[in-house]
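Chains here go by letter, A, B, C and D, matching the order in which they are written, and residues are numbered from 1 within each.
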Amino acid sequence: MAEADTVIQMAGAAPVTGEAMLVAERLTRRFGGLAANQDVCLTLERGKLHALLGPNGAGKSTCINMLSGDLPPSEGRILLGGKDITGLGAAQRSRIGIGRSYQRTNIFPQFSVLENCRLAAQSRNPRPWKLFTDAMHLFDTLERARAAILEAGLGGREERIAGTMSHGEQRQLEIAMVLATDARVLLLDEPLAGMGSDESAQMVELLRGLKENRAILLVEHDMDAVFAVADTITVMVNGVVLESGPPEQIRNSADVQTAYLGDGHV
Amino acid sequence: MNKEHGRTAVRSIVGLVGVAVGAMLPLAAAHAAEKVKVGLMLPYTGTYAALGTAITNGFKQYVAEQGGMLAGREVEYFVVDDESNPAKATENANKLVKRDEVDVLVGTVHSGVALAMAKVARDSKTLMIIPNAGADELTGPLCAPNVFRTSFTNWQPAYAMGKVAAERGHKTAVTLTWKYAAGEQAVNGFADAFKGAGGKVLKQLTLPFPGVEFQPYLTEIASLKPDAVYVFFAGGGAVKFVKDYDAAGLKSSIPLYSSGFLTDGTLGAMGGAGEGLLTALQYADGLDVAKDKDFRSAYAASYKMQPDVYAVQGYDAAQLLKSGLDAVKTGKLEQGAMIKAMESATIDSPRGAFTLSKAHNPVQDIYLRKAEGEENKVVGVAAGKLADPARGCRM
Amino acid sequence: MNPTTQSRVAMIFKLAVLAGVIAFPVFGSAFYTEMVAKVLVLAIFAMSLDLLVGFTGLVSLGHAAYFGIAAYAVALATPKYDPANLWVVFPLAVLAAALAAFFIGLFVLRTKGIYFIMVTLAFAQMAYYIFHDTPLGGGSDGIYVNFKPDATIAGWTPFDLNEPLQLYYIVVLALVAVFAFLSLVLRSPFGRVLVGIRSNEHRMQSLGYATFRYKLAAFTLAGALAGVAGFLYAVLFGFVTPEYLSWHQSGNVLMMVILGGMGNLGGAVLGAFAFIGLQELFSDWTKHWQLLMGGVIVAAVLFMPGGLSALPRRILKVVNGERGNG
Amino acid sequence: MDFTTFLIQILNALQYGLLLFLVASGLTLVFGIMGIINLAHGSFYMIGAYLAFALTSMTGNLMLSIALGIPLAFAFGALLEWLLFAHLYKRDHLEQVLLTYGLILIFEELRSITMGDDVHGVDIPAMFSASIPLSDTLSYPVYRILISVVCLALAGGLWWLMQRTRLGMMIRAGSHDRDMVQSLGIDINLLYRTVFALGVALAALAGMLAAPISSVYPGMGGSVLIISFVIVVIGGIGSVWGALLAALLIGFADTFGKVLVPDLAGLVVYLVMAAVLLWRPEGIFRKG
């Protein structure tokens, strides 16, 4: 991977201290006349977890959709390792190492946990021309899938049918699938949504462990979790970045307090 | 709900077993010495159902007149509904030929189905009599010693109509038909005669089958201003075309000619728009043929309806079969002898006596008819003793 | 029954059916042997559609087009007074069907859901008109294949398609080959992706799969296999007609897939037998057999999700349930 | 082609396009709002035509027959929805395809049993049976113009229904979110039943209006179905305006295709569809 030490300083962006992996420059997305995102700048660094906060309708989903390639930006650029990837679609971005999980559980419910992750792992080396080879005999793929299952804490549940598992397990599976793709940049859309407190605590542990060697964007509502794991926090309101910085800075920011934490968070 | 599943399951199992058992049954029906097995493969459902029924009635009427026997042989019928579906045609023909082992195959109306039947008849060397389908190639490039026809070729009435159109002093014509084999063959027949007599076909219009949106063509005809228009349509398309032609005001300015199928059985539905139309066909209402009068009254008595050209063709199919059977009085049906007898037979048809051409198609008078009320009244002979050229027949 | 016993029973059932099919000509008459051959060809056709409908989740209502195109390729490639060479005409027919599927796939796969259903139907109708209306197709009445292809290679004739029995076993062989081929493909990485697309196409994309290319490959493959069926059909009956491409044909084969239970290759074969069996049974009973057929289709949709192949499991469930209550 | 002929062909194209719109509008409504794919739509057209024939032979008046036929078709649609289609909303499209395919067979066979397989004509009402001369040889039937007017009025009426009435508002809401509408206290089952019955009535009305000029014959529904599909695909599912535009486009393509490229006349419509698919895979007026 190309070393990209370009330090990009923009209005509202947090200072970059480490190795920038994914950089968003002035991303704007309009729906009709309405700007869902306006000049959003973000930098995801290796080994760091960057959390994206904001009330409902702040534009977090639009932002993560643009980063993952599900939604083309109206303006702005996205760089991975210094290379412009704005024009790439979701599938292409996945192939260059950007993995995402979804807010609404998005798995293959009829398949086993192993098959879910195996499909994810297979995408790295698809070999579709091997028509007469049993997919279960492609051991590199299988190994990567099993490793991801272990890392996501689903060891021993490989043969469970995904759709029959608990909500928390399905969220874990989402993460396992992203890991199985060997993604270097993880875009996680509310992985804690709908979880009980035990499950949440487990997930927070899991997230902490994932940071090493990867860059993570975490969109999350759960304040405690965010402040527990985030290295950088960006707060969005009405489609623009309100403030961006380390957790302490955000915790103490008056703007954030009034705009968001004060009345938005229950 | 569960009961419902059970029932469906039982039904499908019964279905499967039924087929299996049917398949295993040895073909017990032995060849009775004094029987002739006739396979009727005709449409009894779908668009041509009425035609299939008329042909069957005509056939059975002749057998009844002969005392229920043909040449001293009892007639055993095997009936298959071909649904006018060419996709099933080969298999349906095989049902009669291979399963029922009929001596003669009689059918059908739809040309595509008839083509598939003729293939089976040729391959299995089964005698075949076509009581309607007019595809030129059946007694043309695809002619065969064991394939006969008692109806017509698409070429015949069209050629006769072209001759009449020229005789009536028309110098230019436009033709219109569906883009399908029967239409194209008919239009060629018309053009053969019309051009042969010095006329000029300005344009041959075709529309996709079975489309009925005629307006663009009527507009084009109006702008070409030919002396005459020849069309080939049948059934629902015929009704709609004649109505549209009339409503567009063309009927009064440009005379419309057609093969007889345009007005056969459709005049009622045209509701007056067809009045006075001239068409050509091998049969007509009000023929001065003694045989026809007897045939009509007998048919009306048996079936409580008036016969049509299809009933006549079915009747003649039975006659033709009888002349073949006459040549092999008892014992095995020797096909060579039958074919020889049928080739030289003169069929005493209600349409007027006819013989068969070398290619086994009727050499017959084609009548000029005029639509009056719901009848196609004969006004004369358009072409006497007309034989199809049988192009491509190597027999 | 646990899953392994279940799959063992299914295996035994499949082998029994195969044995029955192989032994059939010994007991059945020539006519019924030909009829079974026809059903086997339709079973290949149904399996090819099942690859799309049952495994990839693409509901094509125009699959008869590829069947018909291959059949026409046989008719058009056969000289008037000589047989064509099998080893030329077979690949030609399959290639023609595959190419048509590839190019139509480029268009239709741009759409989804209801659009896809309608657009596949419309393109099949277009193919129908090409054969029905243009000189290329030989017109509305259809054309003969006067001679069955000749299997001679380099002076050696391994089998003769003019012999009904040999043709029958070639058809059986083709069915087994297609069945085995599809079974292998469905286990392969490619097949797994197709099943994934059926389950959740969006997720497959976000995992990095170029799903359009996979779907196009599946569409082309299904077209090619439909072409195998179309080729055999033309050889079997020696006659091709535009009706082979009609949308009723597409509807019927879809019905076979559903009747047998989609997403199950054995089900497609079962469905072909059931469909033709019902058709024969009903048309023996009454000339209004289409009414009964329509009724069965409606009832099957309302009351029999999963098709025939799901019946044993469902019956078992009912039986077990009752035992539990008693 | 001289200029007068050209103008008349434009008139033909418009008139054909409007009739196609009438047939396709019911289909796009049912597609777009209920998410149901209905292959039996052509059968409803056929049923309408036969209804016109049967009622006209009883009453002797086409206008009266149409007035009677519309409520009959509407009731028939509501009954079908209650019996069959109501069970399909949660099923996938495949099952809808099959069920409606089965219905085609049933309707066609019932038609054959009850009405026979003959071709029938329906008389144009006397007051509309005149023709207007357009050129020295060609005149234009008043009844065709009447059909165009009715189609235009219906297009306007549908627009008004969808945009300006409470029912239309509910329909539009229902097409976006079934649960939301239900939570608003609207009886969604009744709403869907109404929409479906409306779709059936529209198809039947098209059949009734077309009966005098097209005549009434077996299999008349089949050809209408596929062309309606093409229109819905081009126009965009659920869009009334899209259907109108697409129907006119097809009317023009078909009419001028027949005149200018007669050898490809059967294909022109599909080529237009392919072109639109390349340009906009979800139709000209895709719905959000």
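Just so it is clear, a residue touches a chain if its C-beta (ideal position, glycine included) is under 8 Å from a C-beta of that chain, and two chains touch if they have at least 3 such contacts.
Keep in mind the model is a prediction, meaning the values are calculated, not measured.
Novice: Sort the other chains by how far their Cα centres are from that of chain D and give me the top one.
Specialist: Following the centroid criterion, the farthest chain would be A.
Novice: Taking each chain's centre as its mean C-alpha position, how far apart are chain C and chain D in Å?
Specialist: 33
Novice: Centre to centre, by mean C-alpha position, how many angstrom separate chain A and chain D?
Specialist: One centre to the other, that is 48 Å.
Novice: When the centre of a chain is set as the mean of its C-alpha atoms, what distance in Å lies between chain B and chain D?
Specialist: 35
Novice: Roughly how far is chain A from chain C, going centre to centre by Cα mean, in whole Å?
Specialist: 44
Novice: Specify, in ascending order, the residues of chain C that touch 2 or more different other chains.
Specialist: Within chain C, residues 129, 132-133, 288, 290, 296, 300 contact more than one other chain.
Novice: Which chain A residues sit where two or more other chains touch them?
Specialist: As it turns out, chain A has no residue touching two or more other chains.
Novice: Quick check: what residues of chain B touch more than one other chain, meaning two or more?
Specialist: As it turns out, chain B has residues touching two or more other chains at 45, 179, 208.
Novice: Pull out all the chain pairs that touch, please.
Specialist: A-C, B-C, B-D, C-D
Novice: So in the complex, the part of chain D that touches chain B is made up of which residues?
Specialist: 1-2, 4-5, 8-9, 12-13, 15-16, 112, 116-121, 123, 131, 133, 135, 137-141, 143-144, 213-220, 223, 254-256, 258-259, 262, 265-266
Novice: Across the complex, what residues on chain D touch chain C?
Specialist: Answer in residue numbers: 31, 35, 37, 84, 87, 91, 93-95, 97-99, 101-106, 108-110, 112-113, 226, 229-230, 232-233, 237, 263, 265-267, 270-271, 273-274, 277-278, 281-283.
Novice: Using the touch rule from the top, collect the residues of chain B that touch chain D in their complex.
Specialist: Its residues touching chain D are 45-50, 179, 205-208, 210-213, 215-220, 222-223, 225, 235-236, 238-240, 243-244, 247-250, 253-254, 265-266, 268-271.
Novice: Considering only the defined contacts, which chain C positions touch chain B in the complex?
Specialist: 24, 27-32, 34-36, 38, 129, 132-133, 139-142, 144, 237-239, 241-244, 246, 249, 273-274, 276-278, 280-281, 283, 287-288, 290, 296, 299-300, 303-304, 308, 311, 314-315, 318
Novice: Can you check the complex and tell me which residues of chain C touch chain A?
Specialist: Contact set of chain C toward chain A: 184-185, 187-193, 196, 199-200, 202-211, 214, 217.
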